[in-house]
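Only one structure is covered here, and it is reproduced in the block below.
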Amino acid sequence: MMLLLIVIIPLLGAGFFGVFGHRQWAFSANIAFSAGTFLAACAMTVRVLHGGPILAFHQQFFIDPLNVFLVDLTAFVALTTSVFSRAYMRIEGHTGRLNPARLRVYHAMYQLFIFTMLLALTTNNIGVLWIAMEGATLSTALLVSLYRTPASLEAAWKYFILCGVGIALALFGTIMVYFAAHGVLGAYRALLWTHLDGVKDRLDPAIMTIAFVFLIVGYGTKVGLVPMHNWLPDAHAEGPTPISAVLSGLLLNVALYAIVRFKVLASGDTGAHWPGALMMGFGLASVLVAAFSLARQRDVKRLFSYSSIEHMGLATFAFGMGGPLATFAALLHMTVHSLTKSSVFFTSGHVAQKAGTQDMDRITGVMDRNPAMGWTLMLGSLAILGIPPFGIFASEFLILTAALRQDPWSVPFLILGLGVAFAAIFRKTQAMVFGATEIPRAPSPPSVFPSVLHLALVFGLGLYIPHALAVWYTEAARLAGP
Amino acid sequence: MTLDLVVRQALQTLFVIAAAPLLTGWIRQCRAWLGNRTGAGILQPVRELRKLFRKEPVVASEASALFVATPYILFAAMVLAGAIVPMVATRMPLAAAADAVALAGLFALTRVFAALAAMDLGTAFASMGARRTMLVGFLAEPALLMVLFTPALISGSTSLIVIVRHLAGHGFVLYPSMAFAAAAYLMVTLAENARLPVDNPETHLELTMIHEALNLEYSGRYLALIEWGAGMKLLVYIGIGVALFLPWGITQSHGLAALPGAFALFAVKLAAAGAGLAVIETLLAKLRLFRVPEFLGTAFLLAVLGLLVRYLLGS
Amino acid sequence: MNVPIGLPLGLVLGALTLWILVAFASLLIPRVPRIAPAIFPLGAVGALLTAFAGALALGGPPIQMVLPWGLPGLPFHIRLDALSGFFLVLSGITTCAISLDLAGYRQREHYPAAARIGLQYHILLASVALIFIADDAYLFMIAWEAMALSSYFLVVTDHRTAAVREAGFLYLLIEHVGALAILVAFGILASRAAPGTPLAYSFGALHAAAPGPMMAGVVFVLALIGFGAKAGLLPLHVWLPEAHPVAPSPISALLSGVLLKVGIYGLLRVVFTLLPAPAPWWGVTVLVVGLATALFGALLSAVQSDMKRLLAYSSVENIGLIAAGIGLALLFLAYGLTVLAALALIAALYHSLNHAFFKSLLFLGTGSVLHATGERNLGRLGGLIHRMPQTALGMLIGTLAIAGVPPLNGFVSEWLMLQAFLKATALPRPYLAMAIPLGAALTALVAGLAAYVMVKFYGIVFLGRPREARLASATESGVWERAALGMLAVFCVAAGLLPAYIIALIRPVAHLLTGAGGRTAVATGGPAADIVVAHAAYVPSVLWAALAAVGLVGVLLVRARHPRSMRRAPVWNCGYPVLTARMQDTAEGFGQPIRHIFTSFLRIRRLRPGPDDPEPRYESVVEDRLWYVLYLPLARGFQAVFDKARLLRHRRIAIYLLYTLATLVILLAFAP
Amino acid sequence: MPSFTSVINLFAALFLLVAFAMLSQRRLANLINLYAWQGAILSLGIATTAYGTGNTHLYASAALNGILKILVVPILLRRLVRRLDVQWDRESLVRIPTTMLIGLALVIFAFNASLPIAGLAHTVNHETVGIALASVLLSLLMMILRTTALSQVIGFLALENGLIFAATSVTYGMPMVIEFGIALDVIVGVFILGVFFFHIREQFDSLDLNRIEGRED
């Protein structure tokens, strides 16, 4: 039942806001629903930690260490984002950039989006997984175009078409998996991951090859892997900031989660090598292309969305390497990245809102204007750049270690990517945070709290990973990394 | 035992202090003779010093303590140098307390102080002189060190005493490397002591002078101390040259018996060196200032060449 | 020394906690101004604690400890051995003086950012101490980057001017590139460890990894790049002359005095204690790079007109000398001449200590001058010895020390360095044995240049006439600043007069790193505290006692014979009546001979006055050739790649769909 | 039973043919008709499979697809065309014959790519997989080559048709819940697209992609 709550609460929320989403108190209600989801997630986590994996509803739902921590992460970031969006979207509403009708759409779609992601994470049925991913695309398409500006519409259009095509290809891949499996498992169970996992060594490799190609291209589009990444910067830059935060922090993770699940199947018991190699290739390409695209960005949210591409590439690369250490690192990287990146998006969104522009050349002196915001932006971008003692350094440290052990050839590329990314992003951040400004000191915004909270968590993870969490990651790594 | 150490030390030091003006006078006299002039006699510098000491010194009102202290520092440093170099005997406490590198350091100390004191008043000529002194210095110092290294490599130590013992001990051996070193050393000596062709000790033409420019503002006893120090510097340089290239006759015995002979021999060496210096100065014309770096560069290269030859021939 | 075994480590940890507390306490300064005067003195106390702990550790056995934090399977290891101890002493004493100066500095400039400086400065101190005691790569990297960041924030204290930001960015960028290199170096070592241990990052495990010569070479090169970037070795020195001038002076002192030494520490730690026995080419590389750096730094510092740039380049020079010593030590070690290696290492470490003292001294003094006059350009200073006599005295000592003039400490390390070079004849390879004397020659040349530079520096700033009218209003600096200067000056003199005791401090380190047994080539001690290398003695105490005696006797005699005192009068100046400050030699003028001699090494921009200029000023700016040879082309290359990467962005969705289709087709075509 | 497999193959061939026709067709009305035809073929194919294999839920699936793709979506699209009065697709950069050649190449490629599956063609011959793959790629190609938003969407829907076809003919249909899910997604998608079109229209007063994709980033 707990499990059901997780998906039901946001669904109810979506319906609820479909009616009341335009009211003043909707902002707070949004927090309430997200909090409910988060509590349900925590309760379920406790159960999993004690009772072990759960199968529910004719095995349609499935919770194991691999997805439970993603569920928690999703619920948590959804909660903090709702706290942030309360402050942020209020201002948007008051400044009249959004009318009540659109606020209604916003809230409804926000909850729907959370629902689809949680569904995608918790389902055991790869078909439902696909439907959920498609649903996530559809629900966010309208959010991206929320401002109805030409730019936002173009972004939404790109987003819809590219991700739609990607998702469609993923469906073809799913069908192929089913095709490979239903001879073995029979029509009903051939879509249930648990069963597929059981017989993965008996699935026909030829079909699984084609299937995995389609799946990685399809879901990879949503992860933002190069060269299918071009929807990502626009969608992040044009949508409202809370959406950018959840897109970067959560949706990418979920899509990557899907790929990892299928990698487990495709590489089979024998641990066929090429799916991993494929992921490593995509990962490296993403890291390099994203790093080299960073330097020329002028829009602050665009800048950080490219950095999301880079980090997702890093995680994909690590998953591709496989092995307990690399997979552990990749999971850790997913966690810290989504925390840090959402925090960075919060802050930069605020900065842009205050400055009235997302053009970085016209934003200066944040430190003078508002020290709290200046420090969060500075430390956040340093954290995203993998400066210790923030958690991303820990994960990158582990990834490099694994790479040096397993695939030393890749290390120069990784280092190059990291170095270039540092130069590009830090130059911009420094120009924004420091420098003189005419705008008078503003009181620190109420919602600096979520970003600070995230940064604090990431900071802690860099210095000390709690035992429970470590065990949990190791467990998940065992599942995900053959 | 220790007493005779102290005696030797004291005697040599006093000898250096006393002989410095005479050496200057002797060189001037020789130059006069070579120039078909009668000259003022060897004692002329002594008279000058006495006169200067009597005069009341005039010090610029902007002068700082550094300006006043410098002459004493220069003088004392030169006395110390005179005490360190084994000119007549090797068994001396101070000679054992410092080696060739320390000696070079001592010269650097005097140079730096002289230059700083010259810059103190902020007159155009003095600061120009300071610049030129430092220019000569930073080129001459490494050359000097390189010269000292050649015998140091031969004897395996930078201690002048060890060098003297080693070179004198092996009888009259010709080290080709030492030839290079000697040539380089001569050039360094000329440059460091403001002799021709680098600087003309007689001149007072402001634009060309180096050493004199430093002393423009000094008078009375301060000028006297500086001039005396300069004289001792020249003597010490000759003394080092003797220790390195003509170490024979420097007593290494314990007793004091050998001292008079050693002193006499050293005096002869000094006189010869002074005369030679006079000849060189008469023959050479002054270089343009821009040529000075090339001159010292040559000295430096010669010294390095000496080192390499030392390695190549092992001798 | 029979002290409780854990005491030194305990002291260091105590100092760390104290610093952290002070750091966060200083956040309260705006609210509770009362606490402000206590902040920096407390920091100084912490610094003294670390210095004391380091001194204890030098005598005692190494102490280890494992903290419960860190990555799973990789807790934090800390360890305090002789090497850490020595550097703790170095940084402790220096930072103590700097803290004292800051105590006054904060009172002087009523910084709005007093709180910020207090916070970051103490975090910086803590991270530096942590680097010295870190015993695993992860903790080391954390401390390392913490140091980089906090120092960066201190450098950009005055972040409203663009130049400061640019310098800060360059600093942190090079810093970070270096950090990546170090990270990979550690990673390679760890990847060579036993397969069972995925995270073999404790220094013990890294040492046990014992990679083959090939891999060891790679690690060595990476370490040299990483730590060289920190220390400012060629060609990664470019951040120094940019960052030092823009930083507040005490921070410049910290950068030059301590942080550069952290780079040296890292190099020693990795190359000597983590890697297996060195190959000869390592030593040659370090030696050559070091000498090149030294010469380059000396030349460029000779032609600077900005006080702090001049000092920054002279730091480059000194680091080069230190590196040369280390290279020599490696070379000796590679051929098994541990005793000589110990000698070279002692010379290098001695010079590190000296440089920490006198360079911090000079930067602090520069800070006082800067505050008193608001002027950094040598061409606008002069005659300050009359306005700020005590500062001038302290600076004189610093100047003589860095000029390598006896009886001060700079000369001692130079002496040891030259002795080490002379011992190179012991090398079995003739071509090496022949090449090394050239090294000695270069060292001597560099020392001479250093003297030239410092005479220029001191003479133009403190002597002569004030070149600007407003200098007349300059006043002596505060008590705290003078206390800091005095402290460092005393240490310079002490290290110059009592080398035996300093060497006694360093010897355990030399033994630890070279494995030379009880004896080293340099004998010390004796009643006169002399140091002897191969019969060549240097006994400063005796020598300078004698010098003082002679000087005194001279004075007394002269006074006794001619009691009349001097007469004060206007400057004679060859009888030329008018004398203005503009007749003096300028900084450019003083540098002219160097520019003239080494013109091919330098890139000079001359700004000549126009013919009808009422106040003609000749100015010549000398630029770093490496910018134009190396960095600008590199930057241009990256720009080009950025533009290429931009071509991937296209306006049409169709193109993106085409990417997808193409990817699909290619993958299907090549899938197994 | 070979007879019904051959029937399926026949439908498959027709399916591919229609895909080609859509690739060449530039008049939007005809394009929509073709799409309807494709839907018809699809549902017939599903029905045949249902008859042949006798698992009844496929009939439902056939009906669902029929309603959706012969009636609902075409009607919606026609209304859109009328409301936005766009009749013709703009001349694309690539000429029709070239387009056909590329398409042909893709088909051949798809067949080869699906060859390995022939190994275990226990249920069905691999041509069907190949054809499904081919039609997917063809629709993708169409989306690339078309220059108005509407025709791009039709391409997208065709792509989705190809997927359903693959699902049913290759694997005798996915479980019902999936079928419904997919169908739901299609409907929602079309609706959202409709909304989009009006936004786009009011912003750019055109559906011309070149106008929409105006800005550099």
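Order of writing sets the labels: A, B, C and D. Residues in every chain begin at 1.
Just so it is clear, a contact is a pair of C-beta atoms (placed from the backbone, for glycine too) under 8 Å apart; a residue touches a chain by one contact, two chains touch by 3 or more.
Keep in mind that this is a model prediction, so the values were computed, not measured.
K.L.:
Shortest hop count from chain A to chain D along touching chains?
P.N.:
Tracing touching chains, the least step count from chain A to chain D comes to 1.
K.L.:
Is the C-beta contact count larger for C-D or for B-C?
P.N.:
Most C-beta pairs in contact, of the two: B-C.
K.L.:
Counting only Cα atoms for the centres, state how far chain C is from chain D in Å.
P.N.:
70
K.L.:
If you average the CA atoms of chain A and of chain B, how many Å lie between those two points?
P.N.:
The separation of the two C-alpha centroids amounts to 79 Å.
K.L.:
Just how far, in Å, is the C-alpha centre of chain C from the one of chain B?
P.N.:
Centres of chain B and chain C (C-alpha means) sit 36 Å apart.
K.L.:
On a C-alpha centroid basis, what's the spacing between chain B and chain D, in Å?
P.N.:
Going by mean C-alpha positions, chain B sits 102 Å from chain D.
K.L.:
List, in ascending order, every residue of chain D touching at least 2 other chains.
P.N.:
113, 140, 143, 152, 213-215, 217
K.L.:
What residues in chain B touch two or more of the other chains?
P.N.:
Touching at least two other chains: none.
K.L.:
Send over the residues of chain A in touch with two or more other chains.
P.N.:
157, 161, 165, 169, 209-210
K.L.:
Which chains touch, pair by pair?
P.N.:
Touch list across chains, by label: A-C, A-D, B-C, C-D.
K.L.:
Spell out the residues on chain A that touch chain D in their complex, using ranges where they run on.
P.N.:
Chain A reaches chain D through residues 125, 127-128, 130-131, 134-135, 138, 141-142, 145, 148-151, 153-154, 156-157, 160-161, 164-165, 168-169, 171-172, 175, 178-179, 182-183, 187-188, 191, 204, 206-207, 209-210, 233-234, 237, 297, 299, 302.
K.L.:
Mind pulling up the chain D residues that touch chain C in the complex?
P.N.:
Listed in rising order, the residues are 106, 109, 113, 137, 140-141, 143-147, 152, 209-210, 213-217.
K.L.:
Going by the contact rule set out above, which residues of chain C touch chain A in the complex?
P.N.:
69-72, 138, 141-142, 145-146, 149, 156, 159-160, 162, 165, 168-169, 172-173, 176-177, 180, 183-184, 187-188, 190-191, 198-199, 638-639, 641-646, 648-650, 653, 656-657, 659-660, 662-664, 667-668, 671-672
K.L.:
Which residues, counting only chain D, touch chain A once they are in their complex?
P.N.:
So the residues of chain D in touch with chain A come to 55, 113-114, 116-117, 119-120, 122-123, 129, 132-133, 136, 140, 143, 149, 152, 156, 159-160, 163, 166-167, 170-172, 174-175, 177-178, 181-182, 184-185, 188-189, 192-193, 195-196, 199-200, 203-204, 212-215, 217.
K.L.:
Please output the residues of chain B touching chain C within their complex, sorted ascending.
P.N.:
53-54, 56-62, 64, 66, 68, 72-73, 75-77, 79-80, 83-84, 93-94, 96-102, 105-106, 108-109, 111-112, 115-116, 119-125, 127-128, 130-132, 134-135, 137-139, 141-142, 145-146, 149, 152-153, 156-159, 161-162, 206, 216-217, 220-221, 225, 290, 293, 300, 303-304, 307-308, 311-312
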